[in-house]
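Below, each structure is written out as structure tokens.
Both complexes shown next keep chain A, but they swap its partner, so chain B is in the first and chain C is in the second.
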Partner chain A sequence: MSILRRNLPGVLVMGIPVLWIALFMLLPYGIIVTYSFWLKKYPTFIPAFQFGNYITIFTDPQYVLVFLRTLKISILVSIASFLLAYPFAYWLVFRCRSAALRTWLYMAVIAPLWVSYLLRAYIWKTILGTEGVLNSFLMSIGLIDEPSSLFLYNQFAMVVTLTYIFIPFMVMPIYTALEKIPTNLTEASADLGMGPWRSFWHVTLPLSLPGVAAGFTLTFCLSFGDFIAPFLVGGPDGNLIANVIATQFGAALNWPLGSALAIVMLIVVLTIVSLSDRMERKGLSGGI
Partner chain B sequence: MAAIIELENISKHYSPTIIGVDNVSLTVEDGEFVTLLGPSGCGKSTLLRMIGGFEEPTAGVIRLGDQDVTLDPPYKREVNMVFQDYALFPHMTIGENVAYGLKTFKLDKNTVRTRVKDALTLVGLYEKVNQRPQQLSGGQRQRIALARAIVRRPKVLLLDEPLSALDAKLREQMQIELKHLHEKIGITFIMVTHDQTEALVMSDRVVVMEKGRIAQQGRPQDLYDHPATPYVANFIGTTTFLPGTVADGADGVATIDVAGTRISAHPEIELAKGATVTVGLRPEKVKLLAEGETAENELEGKITEVIYYGLGLRISVALADGSKIDADTLLPDKLSHSTLPQVGAPVRLGVATHNIFVFEGKVTP
Partner chain C sequence: MTTKKTMIGTLGILAMSTAPVLAEGTINVLTWEGYADPSFITQFEEQSGCSVNATYVGSNDDFAPKLMAGGGVYDLITPSIDTTKLMIDLDFVEPLDTAMIDGWNDIYPKFLALDGIQKDGAYYGMPYSWGAIAFMYLDDAFETPPTSLNDLWREDLKGKISLWDDKSAIYVAARKNGDMDIYNLSDEQIAAAQAALVEQKPLIRKYWSTAGELVDLYKAGEVVISNTWAGYQSSLLAAEDVKVTEFIPEEGAEGWMDSWMVVKDTPNKECAYKFLNMQISELGQCGVANVNGYSAANATAAKNCMTPEQFTALHQDDPAYLDSLLIWQPLADRFEVYTNAWNSVKAQ
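Here is the complex of A and B:
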């Protein structure tokens, strides 16, 4: 008892977070893993240990299709974010002369993160919809005669929305990686006969790869688990895994299958994270 | 010998009030080892960076051989730089680092391999060819940076404070090695440093810079023995300064009143009678006189401090009027407390006439 009293501050400082994590993270994971092996017996579930749910996921075209679609959307979002973020971050770090402008623009990229995620996704509904800003604009310049419904409720709208929402997570790590490259390395490259493009290709790009990897990981994983964008702008065949999982726990009342889907999704994300982590470590050991 | 680098009225003005380099003209001969020496902010690095092409001068012309390269980017100039913190590529091996500069030459693989091997052998580190820069010590990285620069066989090698990141012992050793390397490969070296010993030990010619301009240039021993200004006298070696008045200044010999004593000197400038001057004395040229010993010029005072520095003693002496000068003396063979100069003891100091610097005006360094 006296030992406990003497260590009370330590027990509180360490104990409460440990308890929190155990209660709200480990326990739910445990429940989900357990459920994923159960059997559905309408209207309830019975405990079991069998792989039927997993087999369904990998054999039923319906689920395979959703997985592939989610994969495709996530990859497209990562690539789109990268193509927009890299030149922007490069310009900020190496070409922007004014430190004030650089800080201001960087803040401008990050600031949307403080706005509700739901609101930011919703904005695109008002931009891309038939009554939306894009349609009114195109009609006002006479490019189209009547509102087009092509922009909203499809995969294109999802990629645009998710790219908009997650691009800060691509800009930040790339910016940091580029900023860490000493200028004398690019100078040394020029000194050794390389023009600006070749210097970029041989020195700047390779040294910024850890940042690119981190950006891809973040945007990919965040898109992979997204639920709101497909729901708001994805349309009838824009469902992603997260939506399917939600349905299993709701309308379909198939918790075991929903749990198995969640576990598969978790494994995909963890694989990507650990791969990227390993790559970053390698990059770090090759760093300065 | 022909000129390899010619700087003609080079200026670098960052703004009308911030001036990096101010109207500098300098010619470097082929095969020479020239050092730009000065404190930080004197413009020496900016000058070097303009020769390398990393900065553009706001006025003037830079010629390499007989080519005007003033506005050429670094990758079009046949000069190479050893950067201050080496700037080795961390994502490449030592071999790849050294081979990097050969990419643009479009050589075949065997030639590249041979030249990389030769360059690394020259700096004694061929066995590190497959390691990464992070695995090497500071001194080794510095040699790799050297190998990477000379593998391209540039007309001029630029060295930006190449030894400043090394510890004292290694620095001394590298000074000699660099000097030997220069003799061996025979290309022109232009080095920037703030370390006067480094400049004196290594260079054929030292260019002392002050506030963006050249204060004085010449062979190390000429600068040491004939500094043109108190600034140079103070920057190269140590000098104590005393205010004085010219008593007589005829025919290359001047008599000057300093601290209540009349001394004679061979000034290198014309001096009018009654003019205010500053007299410079190097501690190692000021001798502690024993009883009965005489010198061309003698000064009397009291010892205020004795500093032991291994090789000898530095003795601070207050003269009759309160001004201070330093004198260095070697230690006697058998050191005993009784033979050591004591603080407070009266002393006589002797200086040879040809060892006295005389500068115009009053200087407070």
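Here is the complex of A and C:
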């Protein structure tokens, strides 16, 4: 009794997170792993231990195809987010003179996160549609004569929408990384005769790499698991891996195959996270 | 003393707040939008003393996962005739006491003869409404109206075609290939249908998955031809002043029929049967016909409550029309081959 009472704070501090992890992470993952070895059998599926589901994933070309497409889209989203976010964050940290304006602009990037994801994806439909805002604008300035159907219901629309939705996750870590770089390092580099470009290449960029890696990881993983954008703005060639998993759990009633797909996806995401983690550490130890 | 009082007070509040849920007269239905529309459910609630909570599904694929997640939530469901058998085989539903349903004998014999709603001589589903998976085109886009499934494979309509994101796409492609026994296709015929759909894919603007999505596609000028749930999307579009026409192609159309099923061991049997009786009566039959534009399964009730025009428009007086439809059938162990073929088309 007294031992428990004495240790109670410790038990609580350690116990709650451990219980949380066990209940909400290890247990669900365990269930998914178990299902992934089961066997599909009408009307549902039966317990078994076999690797048929995994073999299907790697031998049936449809899964490999969707997997590669998801990889491509996620990488494109990460690159597009990076190309937009880095100059913006750089400007905010080093060039924006007014602190108020800086805070304001930073908040403007974060603010869309408070708007429903679904709504933001849906809005792109009205922008990119055949009779949408973009087409009306291009026609009004005389750039095109008739509405183009090239903007919506294809992979381009998915990359645009996902980039828009996930870009805050690229801006935030890069901004934080740039903010941490002492300005006297750039000054020292200039004193030693480096031009602004070379200072950027040799000082600022390497020091901000951990932020870039974090941004890439976040945007990549979020896009990799997305299934709303293909549904709303994707075309017939827009099926992503998460859509296939949803179909297996729903229409196909094949939870074992869906679980196996989820496990493969989890492994990919964990690999990326640990790679990026390693990069960040390297960046930190190598940088300073 | 005070603790006791507080406790009693708390219990009282708890009892009050849980009371409506535990009340005998509440049934939870898992159904399609419109099937529990206030326009006729309110009257039922007042007359029967049973209140109705409706949860809506977006597709037939929602029933099994929702019921698998745990029982005791829903009392009644309305899967279509390709899914009813699955519900029976999954042991989610119980046999109906047809003697307790007044309008039972007025239901079209053709529906009562269907395998999908029976097992071992007992009925598990009460036919409710039906219709065709018709095809639809935008009036302005065609000088000569389309008449064949080949029009959904026309190069000049590239980027203006839509198809339902459902295994029924295989049925469509099979008929286009001339394979009319669409529910018993061989592996080769399914592969051929799959190939036809892959060939069609570059022409597709978007595979539609919900009724609202198809309406949006027509409204936004994205598509001009597609399949449709006859009566439903076309009336939604008419309300928006978009002029579309439904047609049954030369290659025929599938038919669907939805049935009410009672979830196994429901504690609300009394209200459930009151509800079934209402749905098969004039109130329910014309209720769904007016809200969704679907045809009624009880011809006698339909005759009494529909205007002659509506009766004709919904093909209630036209047994030949019903016979011409290829009514959905359960695919049982072939189900996986069909869905897998369709998934692999989408994966391309």
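Operating definition for what follows: the second predicted complex is superposed on the first by the 259 of 288 C-alpha atoms of A that agree within 3 Å, B and C clash if a C-alpha of one lies under 4 Å from a C-alpha of the other, contacts with A are read in each partner's own complex, and residues count from 1 in each chain.
In the analysis below, a contact is a pair of C-beta atoms (placed from the backbone, for glycine too) under 8 Å apart; a residue touches a chain by one contact, two chains touch by 3 or more.
From a predicted model like this one, the values you see are computed outputs, not experimental measurements.
Trainee: Mind checking chain B and chain C on superposed chain A, clash or fit?
Mentor: Superposition check on chain A shows chain B and chain C fit without a clash.
Trainee: Quick check on the superposed pair: does A:M194 touch chain B, chain C, both, or neither? Answer first, second, both or neither.
Mentor: first
Trainee: Name the contact category of A:P182: first (chain B only), second (chain C only), both, or neither.
Mentor: So A:P182 only meets chain B here.
Trainee: Have a look at where A:I272 lands relative to chain B and chain C in the superposition and call it first, second, both or neither.
Mentor: In the superposed model, A:I272 contacts neither chain B nor chain C.
Trainee: Quick one: is A:F249 in contact with chain B, with chain C, with both, or with neither? Answer first, second, both or neither.
Mentor: Second partner only, chain C.
Trainee: Would you please give the vertex angle at the Cα centre of chain A, with arms pointing to the Cα centres of chain B and chain C, as a multiple of 10°?
Mentor: The angle comes out at 160 degrees.
Trainee: Once the shared chain is lined up, is A:D237 touching chain B (first), chain C (second), both, or neither of them?
Mentor: Only chain C; A:D237 stays clear of chain B.
Trainee: Answer with first, second, both or neither: which of chain B and chain C does A:V203 touch in the superposed model?
Mentor: In the superposed model, A:V203 contacts chain B only, not chain C.
Trainee: With both structures fitted on chain A, tell me whether chain B or chain C touches more of chain A's residues.
Mentor: The partner making contact with more of chain A's residues is C.
Trainee: Mind working out whether A:L134 is in touch with chain B, chain C, both or neither, as first, second, both or neither?
Mentor: Neither chain B nor chain C is touched by A:L134.
Trainee: By how many Å are the closest C-alpha atoms of chain B and chain C apart after the superposition?
Mentor: Superposed on chain A, the two chains' closest C-alpha atoms are separated by 46 Å.
Trainee: Go through chain A and flag every residue that touches chain B in one model and chain C in the other.
Mentor: none
Trainee: So in the complex, which bits of chain A are touching chain B?
Mentor: That would be residues 182, 184-185, 187-195, 198, 202-203, 206-207, 285-288 of chain A.
Trainee: Help me check something: in the complex, which residues belonging to chain B touch chain A?
Mentor: Within the complex, chain B contacts chain A at residues 52-54, 73-75, 80-81, 83-85, 87-91, 100-101, 103-105, 132, 134, 148-149, 152.
Trainee: Which residues of chain C touch chain A once you look at their complex with the stated criterion?
Mentor: 59, 61-62, 64-65, 68, 86, 89-90, 159, 166-167, 201, 204-207, 209, 220-222, 332-333, 335-336, 339-340, 343-344, 346-348
Trainee: Residues of chain A touching chain C in their complex?
Mentor: Per the touch definition, chain A meets chain C at residues 40, 42-44, 60, 62-63, 65-66, 129-132, 147, 149, 152-153, 231, 235-237, 239, 244, 247, 249-254.
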